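Which chain is which? They are A, B, C, D and E, in the order written, and residues in each are numbered from 1.
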Amino acid sequence: MNGNGKLKIGMYWASSCGGCDISLLEIGDKILDLIQIADVAFWPCAADFKYQTVAGYPDGYMDICFFNGGVRNSEQEEVARLLRKKSKLLVAYGTCASDGGIPALANMNSVAEIFDAAYHSNPSIDNPNGIEPRPHVETAVGTLEIPTFYPAVLNLGQIVHADFAIPGCPPQAEDVWEAIGALVSGATPQHNGDRRIGCTSRSVCDECVREKKMTRIAAFRRHHMFRPEPGWCLLEQGAMCLGPATRGGCGALCPQAGMRCEGCYGPAPGATDQGSAMIGAIGGMLEATTEKRAQEMVDEIVDPPGTFYRFSMATGNLKVAQKH
Amino acid sequence: MSETVQAGDHKASVDGDQPRVGVFVCRCGGNISDIVDVDAVARRLSDVRGVVCATTHQFFCSDPGQALIEQSIKEHNLDRVVVAACSPSLHEITFRRAVARAGLNQYLFEHANIREQVSWVITDKSAATDKAERLVRAAVARTRRLAPLQKRRIHIRPSVLVIGGGVAGLTAARDLAARGIHVTLIESSPFLGGRLAQLHRIFPTGQRARDVVTPLIEEVASNPNIVIHTNAELERASGFIGDFHTVVRIMPRGVSEACTNPQEVIDSCPEETVDGFNLGLAKRKAIYMPYAGCYPPVPAIDWRSCTKCGACFEAAAGKGIDLDEKPREVMIAAGAIVIAAGLNTYAPRHGEYGYGQFQEVVTLAQLNRMLDPTGPTAGKLTVNGRSVRRVGFMHCVGSLQHEGIHKPMRDGRINQYCSRVCCTTTMHAAEEIKDRFPGVQVYDFHEDIRTYGRRHESYYDHVCQQGVAFIRFDPLRPPTVEADTKGEFPLVVKTTDRLTFGEELEVPLDLLVLATGLVARDMSKLVDLYRCSVGADRFLLEVHPKLRPVELAAFGLFLAGSVQGPMDIAESTAAAAAAASKASALIKAGQIELDPFVARVDEHHCSGCKVCLYVCPFTAIERNDSTKTARVNEALCTGCGTCVASCPCNAIQQQGFEDSQVESELMALLAGKPPAEELLAAV
Amino acid sequence: MTKIKSYYDGLVLGAGIAGMQAALDLAGQGFEVLLVDREPSIGGVMVGLNKVFPTLDCSSCICTPRMAEAAHSERIKLLTYTELIAARKQDQGFAVKLRKKPRYVVEEDCIGCSKCELACNYYTGHDFDCGLGARPAIYIPHGNAIPQVPVLDPDSCMFDGNCARVCPTNCIDFTQQAEEIEVTAGAIIVATGLKLSAMDAKKEYGGHEYPNVMNPLAMERVQSSNGPYGHILRPSDGKIPHSIAYVQCAGSRDKSIGVPYCSRVCCMYALKQAIMIRHQLHDAEVTIYHMDIRAFGKGYEQFYRRAVAEGVKVVKAKVARISEVENQDLNLRVELIDEGGRVADIRHDLVVLSLGTMPGWRPGGALPIEIDEDGFITIPEMATRPANSSVDGIFVAGVATGPKDIPDAIVEAGAAAMEAAMYLDRTRSHEAVPA
Amino acid sequence: MDENEATFHSGGNGATPWQPRIIGFLCYWCSYTGADNAGTARMKYAPNVDVVKVMCSGRIDPDLIGKAFANGADGVLVLGCHIGDCHYISGNHKTMVRMPLVRRVLEGMGIEPERFRHEWVSAAEGEKFSRLVTEMTEQVRALGPLNWRERLHACGVGHGMDLAPWGEERP
Amino acid sequence: MSVSTRDWRADLKVFRERMGGLSEEKKAWAKAQRQTLKAISDALKQGPMTIPQISAAAHLPSPDVIWHVMAMKRYGKIAEAGQSGDYYLYQLREEA
């Protein structure tokens, strides 16, 4: 704490959708409590701060800095390093920062493919000259520089040391407030040994009220194919619910509403590779007793890497596809 | 209950301390050293962190070789040992014992296989040496992560529960008691003897079934080591190998031994009902004994037909009759359970080969009652008072069924299987008919004759000589049974005969005997209580027909006799004795010692998602609903580690095969890659 | 000198699957067991089989753990390459005389490296492969043998000393001689197994005469990946057969050849071998000529139907004669029952005679027990005491009491062990009974 | 020197030609015994498959396969008992479900299917084991090094901190 | 187990005598086998062959040929070399 005795806090968005910034506001009235004890030292989404301002801060000036989004380009890496330097506590906020999140699904594609989709072959694109962003562009006024696009989305921890991570897409407001409270009070929040906070120390299944009847999965079904029976485990009903392999904290929101868990809180405690954990788990849950049937059932699953690593490609074992 | 063995050899450094590893590379008299440069392997390994000695020897399995290991452990104060030699299947035990002799926990030992999987399969010496080195490095990396383990020891309560009072249950009880083991035998019906008591004669000895069952029951009933509960129904069960607790509900018999004039009491009863023992061929009273000489020699009341009129009470002068007797519960504690619940015969549907339609169509079991001189027809072969002139046997009724031809059973499945005993039973009955009633003509309608057993074929042979006519039908076009319109005989069987190359036949008969197959009983309660596996044929399913033919997957549960599938008396007896042998071995040992490679749940990490509960084939994992965490029952765990790979939270670890141990081995094999510690740091 | 104790609670004769199981079950109940086999390795017939019906498990996967268990059991002493001379009942148990044949290798010193086998250059037919494969004069019986110790066959030895020259432990002992061993045994279990009926019992089938008329155990080896050929080939010229016939009851259910009984396993092994042929040689046609298919055991009928569904031809027919035609192919003259009794000549590349099972050993006075006219051991109370011979204290398991499949033999072995245990309880002095 | 330091260079920049580095996960009861059987029969095969023994193929966590690839393996071979032969009744049934899924994930990540193989090898199938090892080695050799870790480095992974999920402190 | 000091050379002499020495019959058998093996090896020097081809080249009956070829295969002197029609091909192993 410096100056007025209030905490200095920061929030930055890197490769993210903006939902995390909004989720911080979701703490509602408590934002006023936060303002009582903390000054915002950096929050591009909410107020006009320049990087130079931050660069001018003494090292460790900010008490807590929340970093949301993965790292996709050189600017984001630079800011991550800067914020690391200027913050006492750097917190990976949201699943993109902690595990790569949705943007990291692009790690299955090469930069060329991504650019092709973003700037060329998508039917809604009007780009007759086929222009692509380039880091250096010579113009009449001189060289324009834009950040370099990296070959893969990385999570914050792969760039700099992050002290804690709050997973979730987005993190749930109550959990965030609790985590902030703990950080502010200077206590080490409960983190189950893996420095993830604002979440439970168990999986989504722990919070889910749907019951496992110990029946085996007869066939995989996607959501448009059936109406789930209430009160009964979605996985057992054939929906590829990632609940068992996903960190709890959301209150099992999706399963509660009849939607399978897509895994947005990242790997369950104890695991680092969410997809492997899920594959391991369903290995024993299928009804198939013959190899042929097992293969058929497995073939019914659409896009396994996208299904099992939807939010955690960057922390999985493989992280990027071979095309890179 | 399980506990770990206190071996008193806890010399092992815990994680954090630098382990002191000894590496011993065997030359195996040239078998290894001719290809692998074992000295180079030892030399290179001696540079590895934590390795305090690395040495070679001509034969580490020899006495001097083992002595060298023991001496090195003491001299260098080793707390981890790696031997690189032949396959662990040959000498892992040898080296573990050597390590233990030196006072070190035997599970701090790791065996690298550089003979069967290196020197004998690789021709290039330098590649073989490199590979051997990698394997030894991996073993060293793995040992550094090992923790001392203790064998599991489970105490076995010295008593056995036998479920079922038929020939298999009686045999198992007799054999166990003969070895001085306390047995509780429970039987759901009011009388012992099961299906054997209902038979007339048994093959291949031709003995009267009664002559076999009566002495067997006497032996069991008179043995002080055996407690018998008849009318006993399974109620609840808990526990596991060594300590099962089963609660049975003893249904009221209504009559006790105090009743001194049972026959008068029975005669006094005004209610008559169908006699199940005689398979509906006769009637009996509501208070009854199935046959003279049955056990217990006390009548029982059939409550479904009893009107509580009190006639019996008066006939007995009130002695031993209690029409208001209540059921009571008994708790039976046992170290092992022998399941001998038997089976049923297939009940033909109405109209199946005329069954139920014509009085002249009976089952083979009913024929057996008819042939019994003490049976309902006093041994005469008559139907509706008429002597039988021509009798036909129809094979495979309720067995060898085909999709689309036979109607499925209640569960939607057909009985594809062969019932095993019916062919010989049929031949045996045909022989007896030919012997006792030489004038009777016998026809046999079959698909195949499966008189497989020793001396079974001779019945077949004999009845062929006695003039039994064999007619072979096409299983996809089974014979039909109709009323004989010509009037001389009540029935006619129409079929084609493959033995006479497709001739169309019409065979008029007085009596048609259906060789009904054998089917599993409704065992849902039993299956539920002890979590038994059931096969597609609805019989209980052994773990493996050859490896563990009389055992269920859960330890301590044994199968005796036809609860497992159709069997004849000799086969049931043998199976019962085999089950008794397994149970006896368990009880006599008093305890079992098991490898310590069991799974353990870290309750702090467990999310209670139940995923592990699906995978365990031994039902060794249960979930504590209050803490919402899983728990491994070490007495049941066999140490396969399947649950470890299933747990999405890595909350289950298998001792001796923990993730960190396997991964450090893996990382060492992929040498030159990041240090394992760093990779594992996040876990 | 072989070092063994002078007293064992149980003596088990024959270390095939039934004998091993009986020994394990008896040892499991706390008794000391001497397990004797006349062959140089334990394992019996089963360890040489390829797969077993109806589960199609790999036979050695099931048999070898049993072998290892028997070898490692603290209460079982193995004596291989040993025959029974005689056993005589005495006051306490039986006085037993055994003869250990010379292996010419010191078992305790051998490390099973098979260098001697590789150094020996003269080959002769290997019994384990029914003569189709070769072995040198000194050889480890087979890859899964226990003990993994070679045996030297002096009949084919050229006395060149190559084996001893390469032996790293100098364990080859040319001075060994047959050794007589006397022990007392509390009880005896006979599990001496089976042999197949003679190939030439039915002359009209040309067994022994034509190289491509095969013995079913030889076929097991041919089908095994570690067998003599490594593939299914026919023995005359190594051709991959396209058309294979099985002739059922080629050594059973026929009084004229002295085997009136049903051998119980032939239908199933023929079906199993046929399925395995179809798995390995997809375009091969397999025909089983039979009168009855006796698929009586648990899961057997289902297995039979599976075989038919997988394309095995199962034909009701009587095979009258087999004759060799050009290219060493075989012609079968058959009466096809379902074709109106038509007599046809059908040509096949290879024929397997489904031979019957016969007792593998006849006591011939070595044991004081009764034998039935068919050579199997008499079981006076077959229905109620299926493991008891005519002499109290001598019990029988497996095929020694009659043809049997593996599950039945294993179950009966358990019964024999139980009977022996009860007998020992009855007869032994109390202090000898283990706690 | 640490036990994990390189003795075997998979980069292929020195005098020794590149050798495929394949990890074989084998169940103890069938496949490991099968591998021993190949040895007893002196069948020669490529030295490139390093065996990690587990009690049952059901223990082979998909995570181990991912870790192997991510840390330098050029191929992974998973062997278990044939269906029906499992020493633990049905452990291999789990393998039978997991491995096709692992294969699909690996394919999705662009790892050539030839680099991952899942087969059943019984205790008697030493010949099959040696054939699989040699086949697999040649297939992987034809594909060349996988170099996943180098690939990750090229994408920036591991430059900042390490491979831990999000910045666990260095020891 | 320990390496013994047994003098096997001396023992072998005694053994040979005890077994009745090396009979003429046995010598002939061994010689015939050596010739058969050599004939097969010589034939295979021309390249991979099937059993009938070896049989024709070496002038030996095919059942004898397959038996000896399989012996040589088992003991590492011959290897399979693919298939030709209904027959496998066999070739000499380089190191043998």
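One rule holds for everything that comes next: contacts are C-beta pairs under 8 Å (C-beta built on N, C-alpha and C of every residue); 3 or more make two chains touch, one makes a residue touch a chain.
This structure is a prediction, so every number in the text was calculated from the model and none was measured.
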Steps in the shortest chain-to-chain touch route ending at chain C and beginning at chain A: 2
Given chain B and chain E, the chains that contact each of them: C
Distance-maximising chain from chain C - centres being C-alpha averages: A
Distance-maximising chain from chain E - centres being C-alpha averages: A
Innermost chain, where centres are averages of C-alpha coordinates: B
Of B-C and C-D, pair with higher C-beta contact tally: B-C
Cα-centroid distance, chain A relative to chain E, in whole angstrom: 69
Cα-centroid distance, chain C relative to chain E, in whole angstrom: 28
Chain A and chain B, separation of their C-alpha mean positions in angstrom: 51
Chain B and chain D, separation of their C-alpha mean positions in angstrom: 38
Residues of chain A whose C-beta touches two or more other chains: 194, 271-272, 277, 280, 283-284
Residues within chain D bordering two or more other chains: 33, 40, 42, 58, 61-63, 67, 87, 94, 98, 163-165, 168
Residue list for chain C, restricted to those that touch at least two other chains: 55, 57, 65, 111, 118, 148, 168-169, 230
Complex contact set, residues of chain D against chain C: 29-30, 33, 37, 40-42, 81-82, 84-85, 87, 122-128
Residues of chain C touching chain B in the complex: 17, 25, 28-30, 52, 54-55, 57, 62, 65-66, 68, 72, 111-113, 115, 148, 168-169, 253, 260-262, 264, 292-302, 305, 316, 337-338, 340-341, 376, 381-387, 401-403, 406-408, 410-415, 417-419, 421-422, 425-426, 434-435
Residue numbers on chain B that touch chain D, as the complex places them: 44, 47-51, 87-89, 113, 115-118, 120-124, 127-128, 130-131, 133-135, 137-138, 140-141, 144, 543-544, 553, 597, 615, 617-618, 638-642, 644-646, 654, 657, 659, 662-663, 665-679, 681-682
Residue numbers on chain B that touch chain A, as the complex places them: 602, 604-615, 628, 642, 645-651, 682-683
In the complex, chain A residues that touch chain B: 192, 194, 201-203, 205-206, 212, 214, 216, 243-245, 248, 268-272, 277-278, 280-281, 283-285
